[in-house]
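These are the structures in question, set out in turn.
Okay, so chain A shows up in both of these, paired with chain B first and chain C after.
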Partner chain A sequence: MAAGRGAEAWLGGILLCALGCGVCWANSVERKIYIPLNRTAPCVRLLNATHQVGCQSSMNGDTGVIHVVEKDQDLNWVLADGPHPPYMVLLEGELFTRELMLRLKGTSRVSGLAVAISKPSPPRGFSPGLQCPNDGFGVYDSDYGPQYAHCNWTVWNPLGNGLSYEDFHFPIFLLEDANETQVIKQCYQDHNLPRNGSGPEYPLCAMQLFAHMHAVTNTVTCMRRNSIQSTFSLSPEVVCDPLSDSNVWSTLKPINASRKMDPADEVVIVATRIDSHSFFWNVAPGAESAVSSFVAHLAAAEALHKVPDALTLPRNIMFTFFQGETFDYIGSSRMVYDMERNKFPVRLENIHSFLELSQVALRNSSALWVHTDPVSGRNESVRPQVRALVETLLNSSLGVNVTLQEVSQSQPLPPSSFQRFLRARPIPGAVLADHRAAFQNRYYQSVYDTAENILMRYPEGLSPEETLDYVTDTAQSLAEVATVVARALYQLAGGTGNTSAIQADPRTVSRMLYGFLIKTNNSWFQSIIKQDLKGLLGDEPPQHYIAVSYPVNTTQLVQFVLANLTGTVVNFTKEECLNPERAPGADKEMYDYTWVQGSREPNSTSRVPFCVQSTVHLTKALSPAFELKEWGSTEYSTWTESRWKDIRARIFLVASKELEIITLVVGIAILVLSLLATYFINAKAHVLFSSPGDVAY
Partner chain B sequence: GGFALLPFLWLVNVLWFCREAFLAPAYTEQPQIKSYVQRSAVGLLFWVVVLTTWVTIFQTHRARWGELGDYLSFTIPLGIP
Partner chain C sequence: MTLAVFWGCTCIAFGPALGLCLVTVLRHPLRVIILVAGAFFWLVSLLLSSLVWFIAVKASDPGNKPLQKGLLIFGVLFSVLLQEAFRFLYYKLLRKAIEGLVALSEDGCSPISIQQMAYVAGLGFGLMSGAFSMINLLADALGPGTVGIHGDSQLYFLTSAFMTMVVIFLHTFWGILFFHGCETQRWWEMAAVVLTHLIVSGSTFWNPLYVGSLIPSYLLMFAMAAWAYVLSGGCTRNLLQRLQGQQSETSPQPGS
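Right, the complex of A and B next:
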């Protein structure tokens, strides 16, 4: 008996161990079946007042047999010939064109698409943006310059195929890692290719893409559903979020940010955008469309702060960095709205002139073009000021390798934040760009608008520190643009001194270009950020998408760089810096105080932190349409991004439908058989299990 | 039972008392039970017709009704109109 109990205990113990290990073993079965694809970027659904754009998958992902399309003829297998629809197409980046996508959109034999990024970039250019960016939200409409509305005069982005603004009913993913693309192609070649003349046979290599989007139809519908859910439901389910973040602004002479400016004070505004977009979510390198302009802007701000009589200039200069300009001018429309309603320290009446830097890195033979608005140029009160502004600009390029030229005065403004200010009030202003008519940028708002697009080339064999400080030709060219801008601003602000001493520093420009285009985790950025924000810096190239949770990395980095370049180091302790009201001589209303972690001491791992006093502020960049709850507005941007639960991709082998059905039927048959067997054994138990010594009854 | 809005109670009525009302040998209370079962059956049929019609109309037309459809829904499906 004791031995029996001991055996039972042993059995129990072994069972418990098996159960415990079973949990880990179950995982390894999954790993044997599925190969996850980790370096991918999905295409998500964005909505505006009237449409939904982007891609959608089924709730439990879309599965399809993989087919690699490397040339146009391969597509016929997917569309007509292949015997195992639906197919999951693996497309080479070169073939990702509008014609092919419209063909895929029209068929039901495609359950998804994976695009392999093409290296090098497609030589003919690729732009999924619109040919007329931000049409209908600028200043030109049927009342104001109707001949310029809807790009009737100049098509700004002729290579634009509008793919980012199409609606697809299947998921589309970008494969960023060439190794993963090779794994998929290997699986395809092992299993999916036809052999010996006959078609491919099961098991076949398949891919599953999960990217189920919650929002539908348009912003009006999804915001209405949000409000119904949050008012009436017990567990509210929000389906979409408005695109929003913050604008960064700073002034040359400090102003009291909580009070309004005196009406007699005048301000010169210089503006750039800091965001971009591509077809895929959170992939927006934006080198030429955004980074080039705001880096030149930051360098000009640094140069102006070094001028000795900066604080005694008659007019102030406001450096503004707008976020969300890619999506119908979110940042600038919000700032104009705040200015009109006196919620911003500067009012529209205080604006003396406006200078904007558009795309400036791809200058053809050192030419920089000055664009002005033809309609306000005919206004008698504004015209002389515009002429004076252009004259000042043309005079600022003497001695610098920049040839400033004015475009024809009957040509409209390119898409720019200045157009939103003109909608409110005729302000004299100009937009500087490297293109005369159509964009020089052949990869506008695409995944290929990277450092290579603006010709940033480093020699081989440099360490990261050396690469950070190496001055490329691009950096030199942007520094020259910044010098011209700084000199022009000095004169526009009423400065009368000699401008030849105002120079932008090419070394600062190259450090910023490295930080914003190649790697944010470099020693300079590490030294200028706050200590608790170390997660801001990564080793991959940064992406400049506005997103829905703020503030995004780009906004914070621009804020810290601007504070570092234009602020002064003050001798406060950490306690005083974080609580400026206790510090002697600190003016909390005029300045912003930041405790940054500083650079590393030589031969040591500790850093020397310090306090920076600057005039940098953040202001909310949420479209006024959401403040006013006018979700169908045609005046303000209404872009929202859908929410989702799970986005991932994986590949595995699938069996034929017949094999699956056979397995199911055999399983059910075994179940029925075992039930019958149990019933019969139970019914005849007294016959089957009687022992000879028992009394028969 | 109930005033006019208990179709499930009437369904239970019909199914439970069917044998008593129609198939059991006759006794004094049976005609009364029979009439109640018949009236429950009529009410049940009426409600089945009304509810089936409403459910069909709602399921097919909710997406087209836009705002009205959203306000009438208890749970709005995600990702489809």
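Right, the complex of A and C next:
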């Protein structure tokens, strides 16, 4: 009995194994028919208070015959001449322009689009963002500086074609792998080209794109549907999620995060954004638009913490990293809202001045421009403070290879988080940028805003470790900007010592640039994160999109880097570090304690973990419109992202309709014939099977 | 390849079997039981032979292509022999069943003869074999694509459907022949069934040269059909008489 049961278990085990393996492989017939495209990025649907933008496919995917468009004339086949509509267009990256997209939008002969990423980047620049980013959510409107509203004075992003904010009724995918693009082009050349003057013959090469989005119309509609589902359904089908994540902030002198600051205390805020966007989902390299600024900010924070009298400065300095600024200032509007309602330790009254770093990596001949707000600059109480602030900045650039210049005082502020603070209260502040009027960044919020865009070049033949530490010109330039910012902040905080000793470390800057633009899975990042977060680090360039589930990788990495650069190592055990109330000398209210995994010992695979004491905190970055449930708000950001079930792409051959109909007709004929034949044979069986013999039928 | 191809291939593959089932089997509950049990026996034989093949494949080097091809041929051989062994086992079971049916009946006569059982058992084997060959393909036939992007023939679905139809017929006729051989102790009939089964399965290795597998299979099917017809008590005289009888309706037939 026991042996029998054992054998059964063994048999059962083998069967389960067989089934499991069968499930892992794709069905072999499916492999004969389809080639899946694995390295793609879709365009998804985003919604705000009034519009839906992005792309949509049918519920079961959109299929079309592939046509490769390499020059403008090829488009005529798709739009007019081709005999087998609808077509799936494979577009070269340079042709991805607004004119072409509007032509495709207006026709019903196109069932989808695949864009092959252009290497090298298009030389004339490409920006799918708006010409006037975050228009209507900054400080300039009909009451406050109407001549500056809607980019009437300066167009910040002249190359912007606004494609990210158009609504397309067909799916659009980005082909990131040149090998897959070549496979598709080969299939096209084998099957879809016209032969001997006549049209192409079946079977034809086709592509199917699945990207069905659940949300429609605008945020008001989808949030209303969400609330109906949550109220009445046991398993609610949510259709969209608000874009949200966390802001990272830290102070030079530790403050009690659970209590409010004394009204007499003053804080100098330095701010940058940490997110970007592009036409395609979760592809947001953001090198110039975000990474350059927050890397310089982090380096300045490190330099300031090394100053000996940092803890005795009259004013505190708050290093703030805002998430979601690309989508109508989600992070900064939330922080201002919290400050107004006393939900944040710092209040608006405590803010002495504000310094923001915008895009700073593409400095033309070492020039860095200081932008100030012209409207508050005319305010009599604020004006002298603004002037003093600009003076401090200009003084801080002496001795550094940075030429700080002030832009014309009648020019408005570029799109920046500072504008949200100005909406609440006139605060003296300035925005530092590498552009005087229009952006220097020709790839603002596009897939091409990568390390090459900020001219990060490494010599050939370096190992990953050497590349991590190699100081490029870009790193040197950003370190100089960080030095200027650190010196200016020291003086703004009331420091009276000699500032020439304050220097940002170019090696730290180059490590951060490598980690945030090329590969997060490097030895330095590995040593500063917590042990259970190894999935945070990858081998591909990181993407800095805010997304809907938090915290995203970028926020966590900025948090750990800031803790490492500005915190101190304390001699606690793991138990004490994870439970600071039990540790002697730990102050849970003033500090945050993190147990990081540490670096690897040489000649060993184990790491030496340690405890870091820092003043780094996270605060929620969800637009106040969702807290207040004002989904149609024009004052706060209302961006949401639709939900979807299945996003994939594949190519295959399609047969002609004639062959399909012939198969069906033959099948029905055989069925009818066999039914009739069987009926008649059965009816006459006594005649047909009647010969005598050893048969009893 | 969309719904048209799905329905077309289903009808081609299972149309004749459906006709046979509807007309001859489904109205007789005993025959239904034998049909389903026959299908189950075939299924068990496939399970065991696939286990053996699976273990052999896992124990060998996946990169060695000639070895994998050899293992596949061995697997097919083993599977055919196992299917025929299970057919024999099923015959033994049905023989026992007839004794039970005789004991249960009122007039000492079994309600179903061994020849009817042979036909239904063969049909059961064929249906399950056809299902296993074809359902997989039909599921993929529903999608928008057709076979061919890697260079395979476009007629894959059609030829698979025709092959399935011929295999279902063959199993039916093999059932009749095999059981007749077992009943009358003519071992050469059973050997012929095994041999033709091996030939048909082996001919599928000619694919994608579909002429090499379909034509021999259909020729063998017609040969088996004729043999089974003769063994079941039919003869060409009756067939011709029947046709003549149809033409001259007035003259009554002598008692047939």
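Rule of thumb we're sticking to: the second predicted complex is superposed on the first by the 650 of 697 C-alpha atoms of A that agree within 3 Å, B and C clash if a C-alpha of one lies under 4 Å from a C-alpha of the other, contacts with A are read in each partner's own complex, and residues count from 1 in each chain.
As a convention for this text, contacts are C-beta pairs under 8 Å (C-beta built on N, C-alpha and C of every residue); 3 or more make two chains touch, one makes a residue touch a chain.
None of the values given here were measured: they were computed from a predicted structure.
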Note to self: As a test of reading the superposition: which chain, chain B or chain C, is in touch with more residues of chain A?
What the structure shows: C
Notebook entry, point to check: So, A:Gln56: does it touch chain B (first), chain C (second), both, or neither?
Noted result: first
Note to self: In the overlaid three-chain picture, which partner chain does A:Leu234 touch, first (chain B) or second (chain C), both, or neither?
What the structure shows: neither
Note to self: Let me test your reading of the model: by the given contact rule, A:Arg225 touches which partner, first (chain B), second (chain C), both or neither?
What the structure shows: first
Next item on the list: Examine A:Val216 and indicate which partner it touches, taking first as chain B and second as chain C; both and neither are also allowed.
Entry: first
Note to self: Just to be sure I read the superposition right, which of the two partners does A:Ala264 touch: chain B = first, chain C = second, or both, or neither?
What the structure shows: neither
Note to self: Let me test your reading of the model: by the given contact rule, A:Glu30 touches which partner, first (chain B), second (chain C), both or neither?
What the structure shows: second
Note to self: Under the stated touch criterion, which partner chain does A:Leu671 make contact with: chain B (first), chain C (second), both, or neither?
What the structure shows: second
Check: Do chain B and chain C land on any of the same chain A residues, and which?
Finding: none
Checklist line | chain C contact footprint on chain A (complex, rising order) | finding: 14, 18, 27, 29-30, 32-35, 63, 187, 203, 205-206, 208, 650-655, 659-668, 670-671, 673-675, 677-679, 682, 684, 686-691, 693-697
Next item on the list: Report the residues of chain B in contact with chain A in the complex, numbered from low to high.
Entry: 66-67, 70-71, 76, 78-81
Item checked: chain A-facing residues of chain C, complex -> 1-2, 4-5, 7-12, 15-16, 18-20, 22-24, 50-51, 54-55, 113, 115-116, 136-137, 139-140, 143-150, 152, 154, 156-158, 161, 165, 184, 231-235, 237-239, 241-242, 245, 256
Next item on the list: Over in the complex, which chain A residues touch chain B? Could you list them?
Entry: 56, 59, 212-217, 221, 224-225, 228-229, 237, 239
